[in-house]
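First, the structure itself, so that you have it in front of you.
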């Protein structure tokens, strides 16, 4: 057992931290201004493009992607880097071409895509030239239960015909989002987990109606392409747009989720670190009733509890990454669920303490805290509410003691 | 001891509930549409004006205001009515001319205002013709400690000269907000609680710069006039604009807070009731893994805990109202602090459960929940963070046992 | 709505508070000594007998019992008195002949007993001459579900034959416990809630084996007769010992529970008040790192939170008592469940804070806190775990919104 | 970074797990019986002696002690073994000669003791022939602040004279406890952390009065020698009994605490694992309302939350052990405080859930849960209440961001 990072990780951490200091943090104010100006409400502000160029130049590019298509890091090596990007979660992940949902989509295309799919879609995604979306969640059903999915993908000759309604299709409001991976049922009569397939649907295909951006606690998340409601009406794509095999949609979705959760959780831990920093700086500088509020016992308790919680979360996420690398996603199933249950809830609490420490400024646009809170809160629902995962985890635990 | 409402309260509750059913709930969709259309982003949508007319006609007007200027209800009589308005907190309070900050301002003018001030400002406010704002919180200092206030109100001949910066001046973005009550220091050398005064400053006075609307978790609360940052630069008002006496600002602020907290808390309880209703309806109708989620034990626990918490909160708020009526605001000091500590935190938790029950819809604009959450969360900071009130309450408790 | 106590309540409160000051608190040290000496481990120490005499003389006797057999108070009148006895819960309730399980048993005999049963058992109980026990919970089954009860009560000629095993039969270790009310099934084939009956079984009847005292977190609660495991083997009692009617056991149990919960909850609130007092006194007098720990913000938060929680709990319990008096136990069903859910959990938390404030002394025998904690913790299980009540309450709440 | 145990740890884990299965678990019922028989209330029941012989034979002996005197394991190697002993915390630690307070005392003697002290006291302790105690906490002062200690150790010629009162001197009620390490002030005028020294005081020295056993929630912990109140009146020991140097007491206490906390925390995690196992077994076998309570969502949530919490705690404790091994106790200061803050609170909660799952049995002597709960609860106070550690940790965190 060894809790130190390996040399490659340390080297990359150093390089990334330097990049954050030199490029990302200074760009935050510019970003806020450009975003507030609202010229192009559903695209990243121009400063992001500059950061991308700088990151790529420094070899801080596609770090999330294992194998030869990406930086070739293990999950354990990438995790601490993802955490660092969480310090500035609106800027650093897109700057490094490591932002969801593109990351998951690139993973899917890299692992399950045909040569043609990879050439057409994966390459420009890897180059950061286009964006993509993942259309899974539906408004009408509890999407945590894949059997509920109502979108139909029906074969008709050499084409698939897609009909259905999706929402919270993140990124799809962005006009530069060119391609969507759409989950739907190709065979509702198959067994529960073989009914679903995934197809690639260009955003500009006839019958695709990107209706509106869903809000998250008042935020539209326009800078990363929003969360679209998309209606598919008789949308036709060639059969070559099938990802993997028919009936393989559920399995691909599962494969996509493991790394996705690690990334989300590590970034969330980075958010928590940022919140603690802001909380400490505020507490040290703000005076009430004759002393800095850092001298208040309750504020000290918030800081201590936050530190202790973060340390535990990080270790669990790192161990999960290590398990994924050593025994595979299936072997790490319990741990992947565990971090999904534990991280957003704890980070939400930590950010809330930082908000409270800031008074009215904490809920406003003058600190990043309120927006970060909304983002982390939403993770408790993303890819299934925590409660679904707890139930599943408990059942496995119970099986240990009962034959 | 008797836990039933008196006849007048029952009669008004009946009338108000009927008004909610007939006018308010049906107007919610209209309101949402008008607001989304964004024609006048800092004013109430037109439907509010219609509701006001209907409410006034039905005698549901200025219920919050005791004495002859208002409906003449006691706090205990008004509290359950305020709760009902919390079921639709964006529509019902303004419809009844019972929306903050006008309510507090009308109370101040009614109790401390000169005849002229009442004629000029109170009358049109009572008639619902204009709106008003209360400029107290400052960005640079911990405003929970009144001694920190930096805004200066200096006498110069027959005028006061106001200089300072305020924010979260709710309502002030609304062009129909005509008057602000501004808190500042007239005598920084006086004893701690006699340094402050309040003056009336017309929103269009030279030197008043309404800079921007502060956001609350992404919401601008434009429909009730937003939360403005306002800079006062050499703003001159006649000495007749002093409210009450010089050095009386702190006392007026305290007098204003008691009823204000009761109103906020009762409306928050109404919000909690609305959240429980939405949670139950959703849980009963949404199916996952083969049964309605209402059959899930964890959801049942949320519902039960919410019910039990609401019942306790309501009783404490009602008792506080009763104490204010029978022994006065000062005698009810501990209870007023108690409801301020207890209510927003509990209601926030209840609304959060309702959000979780709704999945992605819960954080979006398709239910009122996320916006209500943000509103209630902010109450934990409004007029001083909870922690300041806890400390003060604890000290009084400790004194009971130590001489 | 009126939150003041009526004149009779106020008068009795005054008398009881004086009795606590004059007799009960001074007796606590004597009680502890006598108990520690362990001469008669399953009986109240002698000082309790003295207190009983003094209480009876002052008319502080059988206050819990409505109607002509007792003091004739309403639930709402008795509740604040029960709270006061909770300040010294090992001494005051037995001193006033208001200790469980005798209270519930007297209620049952008073309401459902035959003339003969009342003469034989109720009269000496009312006089405080004997003690009684209530044998309901069984070790082998989840007793919160009455359908699970395995004890059999079979009619054989003019007798009932009782067979079964009970535990946590409180009071039954005390040799002066003369009579047990035993719940068992007379007709397992009847409908779910008509299978059970109650019979009176003298503790010295042949076949009654009082096996051992169950511990509660290490405490044997010997001073109030412990919590016995009792085995009934072919125990024969005359048919005249049936309480009420055959098949009426479940209904009697339900009738017994309403007042029982009010009493438990009010005493628990008294315990919480005692804990807050001890916490404040300790915090004010104990010095660490140069100042009294009362100056620590975290301790202040504990005190404030405790005060706010107590005020809410008390009001909910009082309202429940008022409902029981005005609309009956059935009409107060939701509220009775609510106080059962809310009170022990909150009071346990409050006592825990007081323990933490006392350091090592808090967990020891040198303060009453650890023992009070154990007692309150157990209430979360007594007459059904909280979770069962939450589920039932949630279902009623859900029904409001679904047809 | 590598989360697998090394070969030696794996080998020892295997051997220890086999020992638990073969010897310890089967001995639990014997232990309970022997303890209940109460022949020798302040000594371990005879079965412990048998286990000790068996453990020593299998090389499972003094595993806690690094260096040549003990098994020579690192903290990281010992930690997972300590966890396993926590599965049966009354039997396994003494069986392996790894029970507090002997462990800490052996560490102190091993590191700071003179040759003579080691020969006289360390050797028989290592052989498991005698027991020892550590007299630090005092009833009259907040002992978390070392400056408060009132016990005096005064030099008088060739002797030290000890006067003072200690309590919670664990193990000292056991007649086989032969030696106490006593902390007191040799120079109250020295700087804050140089005032204290430690001396060895034989339990049978004249002037040592072992007064009484302190209870912990009703338990006397007699099987491991109780928690004594000890009064020292003019107790004289030769100067050779000084441990380390004069004024070094605080430093020794600090050195003792690091490993002590690791051990306590790892055992507590073992307790949590035991609690989860009991909870699962009970939930799977107990039926209420027609199905096993394992099917209840709330019980499933308890199980899931417990699992997730345990995994995080364990990793944090293991990382702390690794830090102690690699950068020393001082370098691991923050993490040592973190595990002290996090572990007992979380484990207490987990055990509480297991209790609730067991109903009345959970609080009784028929499961180990209630006693384990009491033990873990007490850890929140042992060597300083959590709050003191949180404050200290927060101050270090704040310093990161302020110069």
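Each chain carries a letter (A, B, C and D) given by its place in the written order, and its residues are counted from 1.
Methods note: a residue touches a chain if its C-beta (ideal position, glycine included) is under 8 Å from a C-beta of that chain, and two chains touch if they have at least 3 such contacts.
Per UniProt, the chains are A, B, C, D = Acyl-CoA dehydrogenase family protein.
Here the structure is a predicted model, which means the values were calculated and not measured.
The minimum number of touch steps separating subunit B from subunit D is 1.
Set against the C-alpha centre of subunit B, every other chain centre is closer than that of D. Rounded to a whole number, the gap between the C-alpha centres of subunit A and subunit D is 43 angstrom. Averaged C-alpha coordinates put the centre of subunit A at 53 Å from the centre of subunit C. Here the CA centre of subunit A is 37 Å from the CA centre of subunit B. Listed for subunit C are residues 296-301, 387, 390, each touching two or more other chains. Residues 1-6, 9, 76, 276-277, 280-281, 283-284, 294, 297, 299-301, 303-305, 307-309, 311-313, 315-316, 318-319, 322-323, 334-335, 338, 341-342, 387, 389-391, 393-395, 397-398, 400-402 of subunit A are the ones that touch subunit D when the two sit in their complex. Those residues of subunit D that touch subunit C in the complex are listed here as 137, 139, 141-145, 148, 167-168, 214-220, 286-289, 293, 296, 298-299, 356, 359-366, 370-371, 373-374, 377-378, 380-381, 385-388, 390. For subunit C in complex with subunit A, the residues that touch the partner chain are 296-301.
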